[in-house]
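You will see subunit A twice below: alongside subunit B first, and alongside subunit C after that.
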Partner chain A sequence: MSDYKHPHQDAEFVLNELVGFDDLCAANGFDDINFELASAILTEAGKLGSEVLAPLNVIGDNQGVKLTEQGVEETAGFKEAYQQFAEGGWSSLIADEEYEGQGLPNVLCTAVNEIWQSANMAFALCPLLTQGAVEAIAHHGSEELKQTYLPKMVSGEWTGTMNLTEPDAGTDLAAIKTRAIPNGDHYLITGQKIFITWGDHQMTDNTIHLVLARLPDAPAGVKGISLFVVPKFLLDAEGNPGVRNDVKCVSVEHKLGIHASPTCVMSYGDKEGAIGYLVGEANKGLAYMFTMMNCARQGVGLQGVAIAERSYQQALDYAKERLQGTNKDGSRFAIIKFPDVRRMLMQMKSATEAMRALAFVGAAEVDRAGRAQDEADQRRHQARLELLTPIVKGWITELSQEITYLGTQVNGGMGFIEETGSAQHYRDARILTIYEGTTGIQALDLVGRKTLLNKGEALAELLAEIEETVVALSKHEGFAEQGAALREALEAGNTARSWLLENAAKDPAAAGAVSVHFMMLFGYLCGGWLMGQSALRAQTLLDAGEGDPEYLKAKLVTAQFFSEHLLPRTKASLETIQKGSASIMALSEDQF
Partner chain B sequence: MKVLVAVKRVIDYNVKVRVKPDNSDVDLANVKMALNPFCEIAVEEAVRLKESGAASEVVVVSIGPKACQEQIRTALALGADRGIQIETEELPESLSVAKLLAKVVEAEQPGLVILGKQSIDADNNQTGQMLGALLNRPQGTFASEVKIDGDSVNVTREVDGGLQTLNLKLPAIVTTDLRLNEPRYAKLPDIMKAKRKPLDVKTPADLGVDLKNHTRLLKVSAPAERQAGIRVASVDELIDKLKNEAKVL
Partner chain C sequence: MSDYKHPHQDAEFVLNELVGFDDLCAANGFDDINFELASAILTEAGKLGSEVLAPLNVIGDNQGVKLTEQGVEETAGFKEAYQQFAEGGWSSLIADEEYEGQGLPNVLCTAVNEIWQSANMAFALCPLLTQGAVEAIAHHGSEELKQTYLPKMVSGEWTGTMNLTEPDAGTDLAAIKTRAIPNGDHYLITGQKIFITWGDHQMTDNTIHLVLARLPDAPAGVKGISLFVVPKFLLDAEGNPGVRNDVKCVSVEHKLGIHASPTCVMSYGDKEGAIGYLVGEANKGLAYMFTMMNCARQGVGLQGVAIAERSYQQALDYAKERLQGTNKDGSRFAIIKFPDVRRMLMQMKSATEAMRALAFVGAAEVDRAGRAQDEADQRRHQARLELLTPIVKGWITELSQEITYLGTQVNGGMGFIEETGSAQHYRDARILTIYEGTTGIQALDLVGRKTLLNKGEALAELLAEIEETVVALSKHEGFAEQGAALREALEAGNTARSWLLENAAKDPAAAGAVSVHFMMLFGYLCGGWLMGQSALRAQTLLDAGEGDPEYLKAKLVTAQFFSEHLLPRTKASLETIQKGSASIMALSEDQF
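Right after this comes the complex of A and B.
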């Protein structure tokens, strides 16, 4: 088992120096919100995370959840922790003040969410899913639906779920079969949904399911899917949970990780049909889901940052304690003195910091795109948000696999044994490249919708901005090498972009074949870009005699390490991209 | 009844303390600071008194540079109603703190003053007692239970032999021990509201107190690093070493 402490210094550095938190708030109408308040919020959230949620993490892993006659029973202790979380108002962070939310910026919400996800990822999925359900109803539901459900979901009194997947409809949601039959002022829903995170539990009085289903007269395919609100308990005249709706969890999955997060098979309409209420207009369900996709996918990217941080803290503690070296005088020393252990720790540290930087910078684009006054500004931020989202989700969650792998490696044999807690982080991380669109889907999104569709324009703008950092680094005596390394990576990005634009038209398999390498290349490039900026900011602060010199000097070295050890991966990716699809597509299926 | 709580900004208990290279003091530059844990317990107790109806208002006071407003805001987020900062760049010693607090007590006329029994930085454990003496009010130190009983307060104290319960006539001074309560976590809406709660800034001059130091800090040094242990071959060798090397027998 391992402790967790929120890395407030790094979170605050990113918010201040890379995001420009105060400017963001001032420019986007977040009156009264400033960095000082953000810092107070992070401090208090950090306490709750490390003292209440983090100790339950290993218990949840060991005990998991149980399906009983009464439904899913969560891990002992989770209900009390959830009550504390909800009573503390933490579920209301981002929601509009109209529904009793606090209306705080998405980037601050992201910084706070990192705490919950690091402390206890299985637990934190529940409020994360609720937040998604709240957004769906808030953006697309009728006034009546909003008034009925939102205040109690925002307060955390009720939780929410997202029901998309069916046995035959995973990535391909066009294949959804769940049916919705009009019946007076509501609909009767019948069908089975799988992989429903926190689909059932006893932590709250009610659970509000958002369900994708088809109307009887719906057109085939993606254009015939509608979105419904289906409460676990129907509301009585006073709006309180009353009669049980015809929906239940019929099975929970046994999984590699996140054991405490119940992954439910939900059965709708075993009897007369589950009562559901249409959200927005008929047949627009999938479009509604897409409007929430950026936030949902970035949310999973953030989980990658969070699990990497937790794994790093555990590995670091172990490396400082584990005595496996002997000095000349016979005394022993800890393994952190060994160069290769330090190489692993530096890799974990520098990657995690770069990932955090990208996750926060991406999250800030949600605020800027959502609140920009000027139309051109809005378009620019929306394009950047959409471009960064698959990189945040795809690159960060892929890299989090390597980080948690290294965490276990630092522990040696003890890492393979469950008691140290390292193995849990490694197992928990594994879902991240899969749900909310696999790595392959993120990469396709990046090369297709986000690059080819706009003829590479959004990427060109990003590359131009990275060039500014290259120039700034190169001008600075101390950062000449980092500047040169970033320039090479930038050139790799430019070449990859041109290659894609040119070859996608010639070879129909090209884009898909190179997509993951393409996404990883841009992930490392963005990481190098933000670590380069971090180094420049850290040096400026040091020169001005501001900030904690120990932290800032460590940031300089961490940025240098990233530039030397991780950034060169862009060149390998480029080389592979330029080979195209030939060896990928050549074999016949029988030859595999 | 009004309750006044004194709080201090101290180095966060999670932070590893560094001594300045010239041994002149502890290095506090850019170090994470927090509300002194004993003061947090004092705030919690005051807020509980208010929630139970025994108190009507909780006023929190801190002495220090502008940054100590952060700790006042923390206390306001935990449920205090308003704050007072006595602004000074100096680090006043306990007697000066007690004198400043005495002036605040004269102005505010609280029924009860709650302080932490000590701050985790200086560990003096004397401000509450000095305040009691200056105000000529009864004091209950190291409280592990505080119960208001009409115009008096019962304070259960942790003493060497066990527990001692005193009945103090109000107005009184109480200092908190670790086991008095378990402070709550601040709620997000309360952190937001704390920004808008009133916070008055005064100076020692406003209160007519001249800060004088009667003690001088000569030197701060880090504890000596622990030496590695050795294994002795026999009990005799151990006794010999304790006698002749360690000279403790």
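Right after this comes the complex of A and C.
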């Protein structure tokens, strides 16, 4: 089993050189926060991740979870790890100081979160979901709800869950059937929710469920969905967990991966109805969910970075240790000497770096959009945030499949054996293109709400910014080829944008048919853009004699590799996009 | 759980229209065999596959196998299924009539084999490995060995295994350490073999192991490896299983997939030494293995077709059943209406058809190369067979990963739940790019032995033949675009070939570094070539009013889709190839 070590140099390079962390803090009112502090936080998080969470990853995979009469029992050791996590203050990094949070920038929390997700993705889903529930209450709940629930959720004393999906309402939330009946100061909730991550466990003495349900007089469809807080244990007069509420986990799913993360079927109101409290106004539940969507989706994109990094580290260890060839003197050498093994490792390393760059740059837009003083700035960053989010989620998680696939491939026959550990990363990664909106949903969001709705303006601004990097690369003799490659990819992006704007109106199936290729094209383009910037920054630092030259020289190579091996895919995507929907829609259902 | 149904129309289309089955039989001395008989055999096999083997697939995945004091216990129900399989004569299709075989063409056996592999890949590995052992003995064993072992192996009364790998000798068989000491008319074998598929089970009353080992005076490396027959039970004077030999399974691997196929660690000679019989001459074991390699590797390529087909059928069923959207009248519709779901299904269908076409065309070359009357013909078909084999194995199995991935994706959240069944196909498929030579090994074989060694001549002949299809498509108004797309892919192939010939000599890392992209490029090109031929044949039949018009029109669409969605990848591969090894080899090992 391979150890996990946080790639702190690369995380810090992205924060400093691509995000401009200190400038971001200064410009957005994070007054006492700077890169030095960020670096210290990352170092501490790296220790907890490597020493406490990472060793539990394989144990969680093997043991999984168990549903007993007392509810879901998590993997042995998780409770202690969770307590250490909460006591270390790691649950409270991002929340407002008003609710006992530390109010750190989202981009720093994202960099820290990469560590938890790499070390133990199944474990890390629990605080990730809690953070979502905290945001929902913080943004939309009454002052009373906030004061009642937030401090203990922020401290990690209680966890939170998100209850959206039902057996007949997955992507299509309009079909939600769970009912909420007014009953004095609260509501009685009845219904079944599925795919509820960490829906039950014994790690904390309460769990706060956020639940979408319909009021009796609610309009049909998405406009009739409300959001409720439903605690596992009702609070007594002192605000402590008391009587058990009428909600329980009735089964846990048997899944391909993330075995240690209980995926629960939750039953509300088997007896008298589960007591719930309305969040905000009635019938606005779905809108409230949408306000959290950027962070939630970027969080899953980040999981793609994290699992790719972990898989890479495992494969690299194996490639350096596994002797396969024989030298002329009879001594043996490790498989990392073979060009094709190096190709796979380079693909993993280079792609993971590009994914990390995009994930952090996207995360920084959350800070900028949320805090910009100037209204025009705010609008600009909000537009960029919304544009990047489906790319962060869609492209990164799709690419993470390829990376974890290569991770097992580097291991050869051992990659197929569970004890080696690589297969777990491959299995765990598989959920990422599915939950929090499938790849198809991300792609539809990108072509629809994020492009067609604004007539491609947001995309045009991004393309113009990428052009600046093209120009900077092209001016530099050492990067002329990378500049040319990025220009070709940029042209593919421009052409794809125009094609979409022109054809979506003519052919109702066009946008949906080309959407995933469109999203992947822009993912590779953004990756190439940020790797191009990385190369320029690395060269500047090298020229100035600053930084670790071995790391910076390696960055030049991974940027070149990205340009040579991954950017050309933009053109294949474009070619496919330009064919439109014809061959996709031509068959009758019976002809399939 | 989705049922399995053999896609007989497509299998028969490929046999008739691309392979030219009747002509192949007539020209190669398969006198009593024709398409009508083949079709009847496929129909019968389809029944056994659907009714008996397919329902055991998920049971095997759930139960797996167990090592007890009596040896490996296979999944309940497998023994009865195996007996039905053997009694139906399905073990003996390909073997020579001299040893009680039915002497059917390899291409027909391949079409039948697709059914077993789709229905239950873990089960079907057992007869597949037996077939390999039969071939080894039939081609290289003494008359006595053949008479003693072949009839019962051919009938399926006994199974066979292939014992190559050791803990320190995987791809690098030169490192084999298992010893064979001469002892009268036999040898005493001592050593450990790993990754032995179906190395032990209780389905038959004997298992015949083919084992690579070294004689005491053998030269070092690959030139000192000999091949032995080691039966699990020694035969008595009547040729029936008697005393237990000194060989046993000491553990079974815990694997990502194919749970019902026991992957054994076999221990030879824990006591006095396992009794083994030399096959052919001493020190020629590896050469003997190589003579079986084309069939074995094509067999794994075929598994890629089979698992892709099964995954497609599962996803299609789900897409037709799963209601997600709502019509204006309030009724709901299935997700197959969504363009992006159709894109995924089309990708699965179109790629699987192309893979099947290439697998069968490659399999037919085994018949032609083995039976051609004319020496020039024989050489030509042998060269084509050897050229296509690494593409059949490498490209198809790589593409099968993408197809089974899409299969789970179509299922959305349910795809991650094991009970849905799609995840099993995804896990089972993962072994295919690893065993029988990883993708990297196939690619090296293609660029090295199959291209550089003959100065690209075999590839040039293939490219010239593809040109004929380009010309035929281009002449036909309806296929002008497909012709143009295939021409571009062909040019990419020509350019890649020239690049390799030119650069391999200059840069020792070049061939290895570009090999996988090179192999994938030729895979997509071959797929496009055969789908182009398919479109032309389908149109000819439609014009003549022959065949099932719905099937033939669908073929026109899948060919168009392949041309639009998969062929463009050839250009991205070419672009990457032309960058050579620089960015792949630039990092020091410490910089990774």
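Going forward, the second predicted complex is superposed on the first by the 592 of 592 C-alpha atoms of A that agree within 3 Å, B and C clash if a C-alpha of one lies under 4 Å from a C-alpha of the other, contacts with A are read in each partner's own complex, and residues count from 1 in each chain.
The rule we apply is simple: contacts are C-beta pairs under 8 Å (C-beta built on N, C-alpha and C of every residue); 3 or more make two chains touch, one makes a residue touch a chain.
Here the structure is a predicted model, which means the values were calculated and not measured.
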item	value
First, second, both or neither for A:202, with subunit B first and subunit C second	neither
First (subunit B), second (subunit C), both or neither touched by A:171	second
First, second, both or neither for A:5, with subunit B first and subunit C second	first
Partner chain(s) touched by A:405 [first = subunit B, second = subunit C, both, neither]	second
Which of subunit B and subunit C A:32 touches, first, second, both or neither	first
Partner chain in contact with A:102 - subunit B first, subunit C second, else both or neither	first
Contacts of A:438 with subunit B and subunit C, given as first, second, both or neither	second
Which of subunit B and subunit C A:565 touches, first, second, both or neither	second
Subunit C versus subunit B, contacts on subunit A by residue	C
On subunit A, positions contacted by subunit B and by subunit C	551
Touch list for subunit C against partner subunit A, complex	165, 168, 170-172, 174-175, 195, 221, 253-257, 316, 320, 323-326, 332, 336, 338-346, 349, 401, 405, 408-409, 412-413, 415-419, 423, 426-427, 430-431, 433-435, 438-440, 443-444, 509, 511-513, 515-516, 550-551, 553-554, 557, 560-561, 564-565, 568-569, 571-572, 575-576, 579, 581-592
Residue ranges of subunit B touching subunit A (in the complex, touch as defined)	14, 29-32, 34, 70, 73-74, 77, 185-192, 194-195, 228
Parts of subunit A lying in touch with subunit B, wherever the complex brings them together	5, 8-9, 32, 36-37, 40-41, 43-45, 47-48, 51-52, 84, 87-90, 92-93, 102, 331, 547-549, 551
